[in-house]
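In what follows, subunit A forms one complex with subunit B and a second complex with subunit C.
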Partner chain A sequence: MLRLRFHGRGGQGAKVASRVLGTAAFLDGYNVQDFPLYGAEKRGAPITAFTRISRENIMERGVISDPDIVIVIDETLLSDPKAMPLSGLKKGGVVFVNTPQSPLESKERYSITDHVITLDLTKIGLDMIGKPVLSSLAAAVASRIAGIGEDALRDALEKELSGIISDRGILEKNTEAALYCYDAVVPVQMKTTESIREGENVINIPFETARVSSPAINATGNTPLRRTGNWRVFRPVWDYDLCTRCMTCVARCPEGCIQVNEDGYPYADYENCKGCLICARECPAKAINDVREMHSQSEEGEL
Partner chain B sequence: MDTIPIRSIREIPPEENMLSGTPACAGCGGLLTLRHCLKALGEKIVIVNAASCFTLLSIYPFTPFKNSWLYTAMACAPAGAQGVRDALDILIKKGKLDPEEDLKVVVLTGDGSAYDMGLSSTSGAIYRNLDFYYICYDNEAYGNTGFQQSGATPFASRTATSPPGGARPTGAQLQKKDLFEIWNSHRPPYLATISPAYPVDLVNKFRKAEQYKGPKLFISHSSCPPGWGFDPSHSVSLAKLAVETGIWPLKESVHGKVEHTFVPKKFKPVEDYLKEQERFAHLFKPVRQEDILKSIQETVNEYWRKHKLLS
Partner chain C sequence: MGKEMLTGNGAAAWGVRMAEVDYIPAYPITPQTEIIETIAKWISDGAMDASFVTMDSEHSMVTAAGAASATGVRTFTATSSQGLLYGFEMIYTVAGWRVPLVMVNVSRGLSSPITLGPDHNDILAIRDSGFLQIHCETCQEVFDSILMAYKLAEDERVLLPVIVNMDGFYLSFTREPVEIPDVETVRSFLPEYQPEHAFFKPAQPMAQGVAVLGGEFYSYFKYQMHLASKNALEVYKEVCGDFEQKFGRKYRTIEEYMLEDAEYVLVMTNSFSTLGKAAVKRARENGLKAGLLRLRVLRPFPDPDIKNALKGKRAVAVIDQNISIGKGGIIYSEMAGCLYNEINRPLLLSFIGGLGGKNISPEEFELIFDKMIKAEDTGIVEAPHLLYTENEWKEMAGLKEIAGKG
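Moving on to the complex of A and B:
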């Protein structure tokens, strides 16, 4: 049995990717399970989805804690202590990372000893579909790594996406981009062993009464420590030559991330700006540009 | 508190009482509403939050708030507010809390709680003339669980439980409840609709509400990028279109007497608003559903005619 785990952020398409892969494998004659980890759905929040593929009947249930293949749709999750995409990956397994970096660079950067495959899905999505929606692209990459046929993938995309995407043209662009990714990935021979990776840090919490175990937060206003800045695909950048200091961007920012400096010019807290770009759209002077983020090319996704 | 109305966004209080880094979606219209509400309300408040998207704002060990926050089940936030208000009153009466240190009790819920599950406990709280604020951010479905239809879902919207297609090409079959009128029938001291796209109007309404003891209720239309299906950057422009097309009237009611606080000089066609959202895409593609579009426009026209603001 092949066990795959997808890691993405809400809105990127991890859930749909796992579904498309499942359908493709099913159409290719396999027994299949696919399902997301249930959680409150939020754009930007870490999302996990699972696919099991087997020639035999699948009797296993529940989340996959020991995957053979991990598909990382959002690179910033690799350093997120809550997501931990590499957790439980079997020795000899394969890690796919959506990044402009080479596999070797990613291996070094994230200290991965297993086989790494990389492709800049975000760029392909933006170039070929016009949006950083990566479900079909990630499904294509996963299908290729899992050894699923191209025709089955094509049929699965049609079957699963036609219910979600009403525009025929966008659906075709998705399929085209997916097949491009399918061909761009070099298939690998995979031999995984069941042994668990070392250094896994699992903490067992004992049962306590409600008064002890209920989480009381005694701090005030500490969410900026979460640093939601790594949700961005584009960052807003101000052109102070055009800025009229009208305060529109400050009033329009849902996060309250935009402040003004001593001279009255606005600037963003990039550590937490989620990149919604309301500011850029609302700016009457058109003084705010959107610039594609390259999280991987800087320290901790800050610049 | 200053009761002279502010005139521009430059006069909005600069203090941020809700900090960044929340788990809310990028471009959340409800969050923008809440940010301005908290600027208007100040720091001395207690939020009583019914289960909704915004219960995820405070997740152990993080909170974006400078104030206290209490989580209740979906149906009973106003009942929770009654308990908090009573506790504060008793502490003041016993001399254990300086009246200067008193807190405003603020209920915060989504439309699922306000329009559906929490309607009876809200009715009870208004009936008892509980001294509290109520902020409902209305994104017109159960957004937190994947956008299922609620009593606030407008006619013809696609939701997870009203997918258009086959025998029912319309999407949601039912009309949105008029929560403003339901609440207004209780004659609360202050009731208003607000929008994240009109922060000056919003802040002024909170300032005006301040003078009244008893229920002060606010319903905010709240643009929802993942649920409605639009790019997060359009969040404010869509909220604005809802007002400019007449779909979301900005109004207030003092002891039951209703006044509109902003009437567009010329109403834009509702289509301008609908066509920007994936949840209404089935009305335009693959075939244009002319009769549905007409009936939505007619419902809006009827509202404004009834209020003698459209001939």
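Moving on to the complex of A and C:
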């Protein structure tokens, strides 16, 4: 059985990617199970999705803790202590990272010992679809690594995307970009060992008083500790020659991330700006540009 | 139509579409909402001919479902967890109306603390209401059970509502291949509902769901519900026979997995049974005669089938994915009640596992088998054991630290 785990941020398409792969494998004649883990998540928050592909009956359910293949749709998650995309990856497994970096650079940057494949899906999405749409592209990469046929992928894209994309032109662009990614990945002969999982220690849990065991939080809020700057695909950059200091951007920023410097010009708190670009849309002087973020080349990527 | 990759929720919606339901009152709740969203879209697109009404609460929703069913139309509704509890009063009420509506519950742990993962305290809370209960392991079973549920509920010998249960996330959001038959075959299995006792006809007025004062009257009505529920065991067998003939898939009140020659038996319900089966397979590879009994029909409780299946077994471990606070596992008590008067009854052990969707690891299953063997050696059966691992305890400690409980 092949076990794949997708890591992305809410809105990037990890769930759809796992479904497209699932359908492609199903159409290719495999037993398949796919499953996203979400609930109270929001746009930008870390999301995982899973696909199991097997010739045999699948006697597993729930999260995949020992994947053969990990698909990292958002590179910044590799530095997120909570998301931990590489956890449990089997020896001999494959990691795909959506990044402009080379596999070697990624391996070094994130200390990955397993086989790494990289491709700049975000750039391909922007160039070929006109948007940083990643679901179909990640599905294509995953299908290639998992050894799923191109025809099955093509049919799966049609089946899964036609229900959520009504514009035929956009659907075709998605398929074209996905097939480009499919061909861009060099397939690997993957040989994962059956996972040598460390045995769990089963315990009896003791009584603790309600002072400890009630679902109440006594600590002060820690939300400010979680920086959201690495959610950005685009960074707003001000052109002070055009800026009239009208303060529209300051008023419109939903996150309160724009402040004003000594000279009265606005600037963003890039540690927390999520890159929604409402400021750029609202700016009457068109003084705010969007610049693609390259987290792997910036320090914010490691927030 | 053949096989499609469908979530449990998608399979439920297809079941409703294929059963050609007339009326769906709805109220959203995670992880159920996808069912009513899917149905609403089909009705909006013209793919399904039914009335869909969004209600102000689950209390109103269950009332509307019961009332609609009492006019003689085929009715469906769905909820989960807190929603089921919010409609709790009307669950008992509409069951007493003896109306054959079918409902889906997508299991989710109950507050507090509020959560999203599955366990069965929600569905088991309505255990005594009069609703028949079918619990599903796979997405295919969700689809099949909805068709079977209507046939069962609408039978003259039963006329009680049915609730079909699936686990949130583990089935509701998990896609698996599901076979969708053609509508003609479904019609031949489940013809249009012909109401005999509860319908709306101006020429024939009636008052339904009336009050009775006096225990002798009240007892009569309640006991009739009990008898109808017991009848359902027999009717269910007929429905299963018919279903197998039409669709080729075989169901019983219980599922026996490697049970025939088994000495040590796990008893489980719903989607986690898949994990139990894998554990049984591993135990067999290690030379232990393990088996699994999955309870599919929980109301009516299939006492005769259980007694028969567990005859001569050495030890049985019930894994309850629920907790009756202050007692232990709910199904354990039911199993004990079922087996107590058997002459060669097996030792019966109690485990609580999978609360709020907690995984049950291979080692936890191994512990269960070890404890069964130990109980057999010593004759001593320990108190209910919560399945929990050291790593989970460490994670809990981390959470407590963040919460300032360190």
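Criterion: the second predicted complex is superposed on the first by the 271 of 303 C-alpha atoms of A that agree within 3 Å, B and C clash if a C-alpha of one lies under 4 Å from a C-alpha of the other, contacts with A are read in each partner's own complex, and residues count from 1 in each chain.
Methods note: a contact is a pair of C-beta atoms (placed from the backbone, for glycine too) under 8 Å apart; a residue touches a chain by one contact, two chains touch by 3 or more.
Note that the coordinates shown come from a computational prediction; the quantities given were computed from them, not determined experimentally.
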First, second, both or neither for A:231, with subunit B first and subunit C second: first
Subunit B versus subunit C as contact partner of A:205, first or second or both or neither: second
Partner chain in contact with A:186 - subunit B first, subunit C second, else both or neither: neither
Touching partner for A:31 - first (subunit B), second (subunit C), both, neither: second
Which superposed partner A:166 touches (first subunit B, second subunit C, both, neither): first
Contacts of A:217 with subunit B and subunit C, given as first, second, both or neither: both
Greater subunit A contact set [subunit C / subunit B]: B
Which superposed partner A:60 touches (first subunit B, second subunit C, both, neither): second
Doubly contacted residues of subunit A, that is, touched by subunit B and again by subunit C: 40, 215-217, 219-220, 222
List of subunit A residues in touch with subunit C within their complex: 19, 22-23, 26, 31-40, 58-63, 199-205, 211-212, 215-220, 222
In the complex, subunit B residues that touch subunit A: 9-10, 12, 16, 18-29, 31-32, 35, 53, 56-58, 60-67, 69, 144-146, 196, 199, 225-226, 232-237, 278, 281-282, 285-286
Touching residues on subunit A, where the partner in the complex is subunit B: 10-11, 40-45, 166-167, 215-217, 219-228, 231, 247-248, 250-257, 269, 272-278, 280-282
Sites on subunit C touched by subunit A in the complex: 3, 5, 30-31, 112-113, 116, 169-170, 173-177, 271-272, 274-275, 277-278, 281, 357, 359, 361-364, 367, 385-391, 393, 400, 402-405
